[in-house]
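Before I ask anything, here is the structure I am working with.
In this document, chain identifiers A, B and C correspond to the written order of the chains, with residue numbering beginning at 1 in each.
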Amino acid sequence: MRRVAVVGAGMTLFRHRMLETGKEMAFEASRMALDQAGLDIKDVDSVVLGSAPDAFDGVHMKGEYLLDGAGGTRKPYTRVFVGGGTGVFVPIAAWWQVASGVADIVLVVGEEKMSPLLPHPQYAFWSIFDPILERPLGVTLLWIFSLEMRRYMHVYNVSEEDIALVAVKNKRNALDHPAAQLAANITVDDVLKSEPICWPVKRLDVSPTSDGAAAVVLASEDVARRITDDPVWITGVGWNVDSTYWTNRDLCYPEYLEKAANMAYRMAHISDPKKEIDFAEVYDPFDYKELHHMEGLQLARRGEAPKLTREGVTQRDGDLPINPSGGLLGVGNPIAAAGMMKIAEVFWQLRGEAGKRQVKKPVRRGLAQAWGDLMQVGTVVIMER
Amino acid sequence: MTKVAIIGVGYSGYAPLTPHMSFKEMMFEASKRAYTDAGINPRTDVGSFICCEEDLWEGISITDEYVPDQLGGAQRAVCTVSDDGLVGLINGYMQIKSGLTDVVVVESHSKLSNVLSQGDVTRMSFEPYYERPFLTAETAVALEMRRYMFERELDDDIPAMVVAKNKKNGLGNPRAPYSAILSMDEVLSSPMVCEPLRKAHIPEPADGCSVTVLASEEKARILVDQPVWIRGVGWFSDTPWVSQRDFSKAVYAEGSSKMAYKMAGVNTPAKHFDFIEVDDSYGYKELQHLEALGVYTKENIKRAVEVGETDLRGPLPVNPSGGKISLGDMVEANGLVRVVEAVLTLRGQGPRSLRGAKHALVQSWRGPPTASGSTVILEV
Amino acid sequence: MESKKTLPGTPITGAEWENEVYSFRKHSVQLRYAWDAGSAVSGFLEGLKEGRILGRRCNRCMRVLVPPRAFCERCFRSTDEWVEVKDTGKINTYSVSYVNNDASRRDKPLIVAVIEIDGASPGMGFLHVLGEVEPSKVHVDMKVKAVWKPRDERVGAITDIKYFKPLEV
């Protein structure tokens, strides 16, 4: 197993609707990542792209369409896909190309252009459901997440106020992120009084739909030592997918995420994640998901994440900063690009390049995680200085 | 680093219609066969599952949601590679090479019979601003076919001979639903779709599922008597813009084969292989691909077809399985379907004339409008 | 990253979009599919037409799977037999939806729930909607019962059950 480093990262603004096409956004993020690594496209051996459902763009085989924007022309190029978990999975698929010795430098691109779909990007999510058993009921993505949120609240006796604290923290953190779409100073009361969409989910509990792209460059140890004094190593990768039948699982706890995390912890030789992980970018398309995921990652005991949040442990200056970037709730949620934004954030934090977002304590090891499908996929990457 | 072998193959469907089973049940059947073939239990012995599929061919967005259960992959490392099945196999190869795991399952399937809007789905794969207003799969193919035949000075009879050869090869393959005795004249008198492309050139859609089990050398030697080794892999894309391609050659096949040859140490591809499985869409693609693979040249490809060098009993059998022309178009499964054929042939379970074959090449193309493809070199 | 004052990208405002300040190419398409339901789901739909909820039992782990499937994902083997379960159950979790699937607001909120069907194995939930109850009266673990469409209106679809209603009042 060869060692694999991250040597550069880049991203576009995240906004509800962008003038740039998907190709153009992929290009901008890729160019910035290559520039930070001091590399040119001719140095790149292979390109891996991540992008979520084709239904958003109205383009079939979207990976082929985005190919030239992502720098894949006349190169080995492919697209991988695990729903919302894709953003953190693309670097994993690039990792095994470098670790196996097949490639030395891989460009990793996450792109999402959700805005083209009319009347609303949410409509694409109707087509993710079982066409025979679920779609006839008029099911929406919001249903299943609110069902999960309700179950989590019920089993661990978590209040809507506890959950709202996450939205308050992340939107405030995002005030320092130059890409942010929904950065704001809000209160718990603002969240509780925001319009109910699918109770218990309210407007301010949810991340927005977004356009955007983000990219990183991975390199083998030889290359990384040659081009940078400051490589960040990928020391653990893990992913796991649970059964399709989401109504047959207890939604109070993400077992698949625990398994994905354990796969990554084993590889990174981590036995006590709570002590050994310095900070984490966990997937927060909804505020309750940050809590849910902290528990699945075993950064908190089951039902304990709300308490840690109340005590300020997860703030940027806390003992275990969670989502110092501002997360999906604050920076925005162009799905595959949002996961890649988390990878980029861990990279910048570990290099001390996060500027006003830099967490207070010294950090050596960070974790990025994403989640998706029918509340079913966990993807985890661990990075170290 | 470890060598990687294919230790099990399975399939189901391979028919124009499969109304008796859902895509899940089709996958369950194919994977059960592959696991039995490899002698493994998917719940305990597999480190990773890879599935190759595209949302709009399934009619389900984020279609990887519906994958794990029927493969034995619930609460396991499962992912989708949105590409041809052969690229999925290559990713499985790299997972094992990297030391991440020692057994990987790769699956791909087609339920094209369930897609009532096949033309609309294909049109949606064209670039929306410049290309989609004009192009369909057939027009894009015909443009390339015309230019390739012009540059090689090929008459209509050459692609027709390829179609006739592959239809006939399929007659010996129990898995090939579209095999037939078809004369060159019958190909040439089939209805014109988009000049010079005729109906008989176009592979017919089929349903089907293919599953392969890959293993590290250590595992392979414990589990099976007859591992088929993966000696080289390559994948490559040309420009996505249809009008900016060099229609005279398949750049993606050239790029992917060069990568695979380098890895496998193959210097003279024209002499290395006992048989070859290549994408043979529309007849002319078989020729364009053989050139790109360096097996034939633009000077000798025409003669090779005319004198039957690539026939089943010729010096270099090409598509002994009957190819896409006989097996049917199974979209993202096409590449993996051919891996299954090549593995069975290398094990002596294919055409009688190929018993004892040791070296095979499998090449695949993602179909119109893409210029993306992959190559794998197999050996027993 | 901080040295880069502004990141690439050109946002379009709502007003610019409404007024089509920039060019757009519009494409409307209706893709049609006919999914083969397969043996397990076909049997399930036939059962619904008759007003019965059917599951499949795996004789190794002894679970009764609802909705039914041809294979057990835990044991990785074919399931063994049909089992009729009850059309009652208890609410595992629920939610109140104020929006449609295209994000537009509903005229009237809709209560959705995962219902653990009586006679299926523990945890075997089922997605459906609730009726004849106010949102404020619903609670986790509430007992509910299916309300079926009249026999001559049932077509073999999940919507042959109109909704579930509380058993207790």
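Miscellaneous remarks
Everything below uses one rule, namely that a contact is a pair of C-beta atoms (placed from the backbone, for glycine too) under 8 Å apart; a residue touches a chain by one contact, two chains touch by 3 or more.
The shown structure was predicted, so the numbers you read here are calculated from the model rather than taken from an experiment.
Looking at A-B and B-C side by side, the one with more C-beta contacts is A-B. Overall, the chain located most centrally, as judged by its C-alpha mean against the mean of all protein C-alpha atoms, is A. Put simply, the C-alpha centre of subunit A and that of subunit C have 26 angstrom between them.
Centroid to centroid, with C-alpha atoms defining each point, subunit A and subunit B lie 34 Å apart. Inter-chain spacing, taken between the CA centroids of subunit B and subunit C, is 37 Å.
Contact of a single residue of subunit A with at least two other chains is seen at positions 58, 125, 131, 243, 245. Taken residue by residue, subunit B touches two or more other chains at 56, 59, 68-69, 74, 121, 124, 128, whereas all remaining positions touch fewer.
Residue positions 27, 29, 33, 35, 37, 41, 69, 73 of subunit C each touch two or more of the other chains. Interface residues of subunit A, counted against subunit C in their complex, comprise 9, 11-13, 15-20, 25, 28-29, 32, 36, 58, 119-123, 125-126, 131-134, 136-140, 142-143, 146-151, 154, 178-179, 195-201, 212, 243, 245, 247-251, 348, 353-356. For subunit A in complex with subunit B, the touching residues are 1-2, 52-55, 58-65, 67-68, 72-83, 89, 93, 95-97, 99-102, 124-125, 127-128, 130-131, 237-245, 255-256, 259-260, 263, 372-374, 376-377. Contact residues on subunit B toward subunit C in their complex (touch as defined above): 18-25, 28, 41-43, 56, 59, 68-70, 72, 74, 111, 113-117, 120-121, 124, 128-129, 132. Across the interface of their complex, subunit A is touched by residues 1-2, 4-12, 14, 17, 22, 27, 29, 33, 35, 37, 41, 45, 65, 67, 69, 73, 92-104, 109-110, 112-114, 123-129, 135, 140, 157-159 of subunit C. Taken in their complex, subunit C has these residues touching subunit B: 25, 27, 29-41, 69-71, 73-76, 78.
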